[in-house]
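Presented sequentially are two complexes of chain A, the first with chain B as partner and the second with chain C.
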Partner chain A sequence: MTDAVVLGWQQRIRDAAASGRPLRIRGGGSKDFYGQEPVGELLDTTPLAGIVDYDPTELVLTARAGTPLAEVERVLADAGQMLAFEPPHFGPGATLGGTVAAGLSGPRRPYAGAVRDLVLGTRILDGRGTELAFGGRVMKNVAGFDVARLMTGALGTLGVLLEISLKCQPLPKAVTVRVLECGAAESLRLTCGWAAQPLSLAGTCHVDGRLVVRLAGAAPAVAAAAARIGGSAWPEGDALFASLREQTHPFFAAAGGPGRALWRLAVKPTAPYADLGGAQLIEWGGALRWLDLDAGADPQPLRAWAASHGGHATLFRGGDKAAGVFQPLDETLLGLHRRLKANFDPQGILNRGRLYPGL
Partner chain B sequence: MPPTLSARGVRPDARALADVVTRLTQDYGERAATTRAIRDQHSHGEGMADAALPDVVVFPQSNDEVAAIVRLCHAARVPVIPFGVGTSLEGHVAALYGGVCLDLSQMTQVLEVNAADLDCRVQAGVTREQLDAELKGTGLFFPIDPGANATLGGMAATRASGTNAVRYGTMRENVLGLTVVTAEGRVIRTGGRARKSSAGYDLTRLIVGAEGTLGVITEIQLRLYGVPEAISAAVCQFADLEGAVDAVILAMQHGIPVARIELLDDVQMDACIRYSKLDEFAVLPTLFFEFHGSAAAVAEQAGQMQAIAAAHGGSAFRWATRPEDRNRLWKARHAAYYAGMALLPGRQGFATDACVPISRLADCIVETKADIAITGLTAPIVGHVGDGNFHLVILFDPTDPAERAAAEGLAHRVSLRAIRMGGTCTGEHGIGTHKLDVLALEHGDAVETMRTIKRALDPHNIMNPGKTVPL
Partner chain C sequence: MLDSAVSSRLAALLPPEAWLTADEDTRAYECDGLTLYRTRPAAVALPETEAQVVAILRQCHQARIPVVARGAGTGLSGGATPDAGGVLLSLAKFRRILAIDPESQTAVVQPGVRNLAISEAAAAHGLYYAPDPSSQIACTIGGNVAENAGGVHCLKYGLTVHNVRRVRGVLIDGSTVEFGGDALDAPGYDLLALINGSEGLLAVITEVTVKLTPKPLLAQVALASFDDVGRAGLAVSAVIGAGIVPAGLEMMDRAATRAVEAFVHANYPLDAQAILLVESDGTPEEVAAEMAEIKRVLAASGATAIRVSTDEKERLLLWSGRKAAFPAVGRIAADYICMDGTIPRRTLPQVLARIDEFSHRFGLACANVFHAGDGNLHPLIMFDANVAEEAERAEAFGAAILELCIEVGGTITGEHGVGIEKIRQMCTQFRPDELTSFLGVKAAFDEHGLLNPGKAVPTLHRCAEFGKMHVHRGALPHPELPRF
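Take a look at the complex of A and B:
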């Protein structure tokens, strides 16, 4: 790629590496709130936009990192396809690069795969300004280390994404949303019981004493699953899941308010319901628990609880980032992270400290 | 301190190696073998013969033992070659520079099965068939099925897949976390039980598929699936290969969640008819299907697939709904390699592993068949068509250098053709030692970055040196 934009970035990266002044990589800025505080001089990725290659037959789309996520989704929808991991936009400017860097997935994630499962290949600039391509555009590739996936969720600390190839999926033919009145513990019992059954699940949400379940797939399978799950039809349809994905649901509005902190707890689905000091919204069949806490709440009990249930706790929005956004790594793992970081970005200029202080 | 194994082809320091062997035989007694027979057994996988003997084979039984052995080797700069049951195809386990073969086949515990969480944790030496047996009665299954009865550790290390990948993914998507002994002999846990893997970089996916070059996988947390309520298998034969491939493309477009779609070309079908006595079928390009789900879903998927196949010149479906009939079909499919070998007794066979964008699959196979015809070799083809991945088993006479060269040339051209068509030289078998040259062609500068990752995580180059990205 001899793109002038890329050439310009290579120069900026080399200059930054020489001077040791960090760069803050940013697309639409819709996820500025996420992770540790961004620092450094702005490197705006939005000029590198456009879909490079999309043949619906392949179920693969390749686009430049600055391409608006909305544009990608529009083009896919026109061909009857989707990004099955339902990436949250969190703002009109969300880009494909930011989506992959943040590594966040929406309500369909446990059933259709996470962003990292659907990234087939990436093209990046490392912290020396070298352009590198990993993975490819085919469904399976075991040629060498899986570096494309390493970029996913690295919050731009290992490289500036230039281009991404993603696996796409056909839109489901039918979608049905059901609701069951029940408490959180009963909701977890139900969703864990359903997990191994062929129920065409495409999202679950428990909040305010109600379990809402989205089913998607072929019409007969969805109808059969709806009959088995019971409950009643949810009048608002799929809109609820859109509001979870974008966190426009009233639960998130409250949790995002002043003096509040929104915590994201990823745990094994069978982790029992526990009163952790605030309101909870449960997604992903129990594997994801959102928690609305006081901004000053002590992170230690949350982190200990999440770790004891096979997972981790992230300070998603608000609160005090000084205590760390992500679950701390032990010394050995942190050492491996430092080595990888030094490997891709020896001067530590790319999104310095965005994932962990010092990385 | 002995020198780092930096230069290619350099064996470890003889004195340091001798000390390691002595120490291991002292500490592990009969579980550290230096007999020629056992070293021979551990000198190669399957596929092209390229044996290289380890100096000692150790059979650890715990994470701590693996860690202690690796620490010893790290201090002495002696190579460590992780070994499961030796079914890899690309020279992954040959001890190119001698050293310690770490045979994990005694680490065979299924540590946990968490039915409601749909996951399990196994030691690296648990084989695919052992896990199947242990899951019997739980209502769960693990879908990744490479042809061989490989260990889960080996399958994770090579990022294996199989016939179910379209629906269930490969090891990449189904390993939730790992216990790994690093090159320095530290035990780390990556990922976890949570669906969203651990905070930080995705070390799990970096180590899955690294072919033992970044650390030793000792435990694997695997995702499990509910046993489908209904399963139905069917076979459909086509007048030509393009019809078969086009039918599959259309099925993927419609999002029909077929669990398995396998292509066998006419040569392979001929081999399978003879070897597995599938006398009811003709020598034609053939698709094997399997549908999973609720009874309603299976009926619908099968009906749609049948209509698509018919529109592309497919024969009527021949159904196998009873378990014994299904098993017979899939046994025949899994025996395809041996069936191919039986076409020309006394020949050796080795497999290619191209994966291309699905729209190029028919082109790629047709060009390849023309290429096979020119060489005069016999090379049946099987394909995981839904993924764009297909294998030739190229048969050749190992005592005839010209024929071996022709076979190697054909395999190399298949890799180059796949790369030219926007694909990869390896969809599931890996790089090992056989595809190092093609990896460089496929990935260019990125190979240098992989090399620096290798240096960062294994500074003395003791972990399976000479494989994947040799230093």
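Take a look at the complex of A and C:
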């Protein structure tokens, strides 16, 4: 009962594997900017769309990869649920498949988990055109290796996503946003301290001498946490967190401008504030530092600083991708990556080089 | 038996007391929590440093000797069953907590640290390690990662994979590797997700960084009775459907409550066909509001009685019955086997009815305990191994349950792992192409198949030997034929 669309893709993948010509997998194209330059003949995933199964009492949604993310979110919201990882759309055409392939999560990530935490199962076509299903539609499943999560964030280099099952969560009953005036170092001290307490945190952002904190959960808990955190209420909180998630905030608008590069540094939340040569926006309670730098800035000091704080640096937008987008892997990890790629895509035709050269 | 030259090279890597080959010394390692299967390993190695692990693995890799890593040996699927011709690598001496960092809410621990010991060490900071498998007083974090262990609180707080930041390990060729990191994500493929639940097939774990969670200020549990098992199942869906994610949501049928009541006297209602335990945690205000809602939904779903714990002592008493379910069944039955399927919650009434049918057909009693919130079913099949053919019947009963789980869209194992116990059913749950892909993942880490051979992923050859057919998405081959 394989879909005609899928049958067509299987043929294209087999042809591509035979000829060695790469395929560029693309949904809405909203994340074309991310990763190394896409190469190859276009494989448009948007024809494979639609929600396959959704029962709010199961907390599980299954949809085809080309389903618009907006549609998924609308259907969930109608049932009082959400994708708790707050995936960024970065454009009107964002699809569920692209969301999972890119593996990006929004402001709620430290408190509700990342995309990979909520992926329960995937159905894919590997680089031979073989249809494979991993994981499932249930909350707990330890049969076989967790290949469904391995697909998350692999940027389409291990398979073409066909269908995805995700865990959904109820919308919080109450949300409130507080603001405090403070410097970056003080902001990090505060957010690390709060994270160790049961405070209903659901997002933090420090930029321009101001710390904004979102609290979400049961109304009494949110009220108690707001009193504990102090500061003052921030009426435009929803708009602010939407602008962080979608990177329409003025900080990101400036960093995405001509001659600029937006760097993403994921580090241990306790990493001290460091002047890395440009304006910074800090999210995720200190675990995510966005940096607005000159397009020609040397990546080496950034990568070294991030690594020394348990993390990694990514050239997120703009800049010179020739020096690599993602933090280089050590020899052992790179060897594992190459062999996994060879297992799923022996001819190296799926999104060739999008993640690392040679993968 | 190991080749004597190889054996002496391996022995030279460790102090004499850390290399065991005598029969009386290796006997203690012949099985894990799945005691049905026993094998004596050729040798037991008890390293205490990563350098020793590296040296042992390098040597075994060169000589092509199988290696089975073992933590506390509490696993229920035979994942740590030794290989007769191989080395059993015990990580029992890796028992140091290296760091507790309240600022980043993490703990860095060696793999032999007990699950509960992490929470005990973090308690001074108001933090704990959330995944709580029932064996948490004994099981170790290395084994938890290898099995992606669950617990009664994972609906709200996640499984092991959601609570581990970084795993350091050694590949079979002796190279050290780190998956994940101190940040919330890592570059490249999500190998951290892959290592969780990999059942010791990919790497030997030598260090783990876990995420710690702030301890809730208060927890309360409601005990609800139902006069019908199916109605209790629908109540579970009603709770979730009301937008509540309880800290714990457990169900037991009458056979299970009767067994535990005689054992721990938790004051469970003995006339109820099923009971639910629904826990709420958070701030006192939060718990009060959520518990009021839980009671409302349970009453509307037909609960015949609802009792809410009034203090911590009563809460622990109500939980004691659930936590004692396995030993309680062990008391009333000569032997039992525990199944571990997961099903979509909505299929629960139908699945329980079928299990009841199987119970009559196989002539064996079965008590059901159920992590109802996440659909994870633990039927306990009771039998007497001394009665002719009862063990075979029990196994057939268990296999029927697992295949039923697959048929309704679930899985053969929610948290215990495949090990050797469920390796046959892997041939039913997955198609040959998928098994081939798993074997390819294995080969990417361990080309010669030396780490924990014969576990978790069957070869296609073995599936053919088992004569298993594949049931995919409930589509049985030849649906016109009756099946029992």
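Please note the rule applied: the second predicted complex is superposed on the first by the 358 of 359 C-alpha atoms of A that agree within 3 Å, B and C clash if a C-alpha of one lies under 4 Å from a C-alpha of the other, contacts with A are read in each partner's own complex, and residues count from 1 in each chain.
Operating definition for what follows: a contact is a pair of C-beta atoms (placed from the backbone, for glycine too) under 8 Å apart; a residue touches a chain by one contact, two chains touch by 3 or more.
Being a predicted model, the structure only gives us computed values, none of them experimental.
Model built by superposing both complexes on chain A: chain B and chain C clash. Of the two partner chains placed by the overlay, neither chain B nor chain C lies in contact with A:I51. When the shared chain is aligned, no partner comes close enough to touch A:A174: not chain B, not chain C. Contacts of A:A295 after superposition on the shared chain: neither chain B nor chain C is touched. Where the contact sets of chain A with chain B and with chain C meet, they give residues 55-60, 109-110, 113-114, 116-117, 126, 130-134, 136-147, 149-150, 152-154, 158, 169-171, 173, 192-193, 195-198, 217-218, 220-221, 223-224, 266-270, 284, 287-288, 306, 309-312, 314, 326-327, 329, 332-333, 336-337, 339-340, 342-344, 355-356. Within the complex formed with chain A, the residues of chain C that make contact are 101-105, 125-127, 147-148, 150, 154-155, 158-159, 161-162, 166, 171, 175-178, 181-191, 193-194, 196-198, 201-202, 214-217, 237-238, 240-241, 243-245, 282-283, 285-286, 288-290, 342-346, 371, 373-376, 409-418, 422, 426, 429-431, 433-434, 437-438, 440-445, 456-457, 472. Interface residues of chain B, counted against chain A in their complex, comprise 114-119, 139-140, 158-159, 161, 165, 169-170, 172-173, 182, 186, 188, 190, 192-196, 198-203, 205-206, 208-210, 214, 224-229, 249, 252-255, 257, 292-294, 296-297, 299-301, 355-359, 384, 386-389, 422-431, 435, 438-439, 442-447, 449-450, 452-457, 468-469. Across the interface of their complex, chain B is touched by residues 55-60, 105, 109-110, 113-114, 116-117, 126, 130-134, 136-147, 149-150, 152-154, 158, 169-173, 192-193, 195-198, 200, 217-218, 220-221, 223-225, 266-270, 284, 287-288, 306, 309-312, 314, 326-327, 329, 332-333, 336-337, 339-340, 342-344, 355-356 of chain A. Here chain A touches chain C in the complex through residues 55-60, 80-81, 103, 109-110, 113-114, 116-117, 126, 130-134, 136-147, 149-150, 152-154, 158, 169-171, 173, 192-193, 195-199, 217-221, 223-224, 266-270, 284, 287-288, 306, 309-312, 314, 326-327, 329, 332-333, 336-337, 339-340, 342-344, 355-356, going by the rule given at the top.
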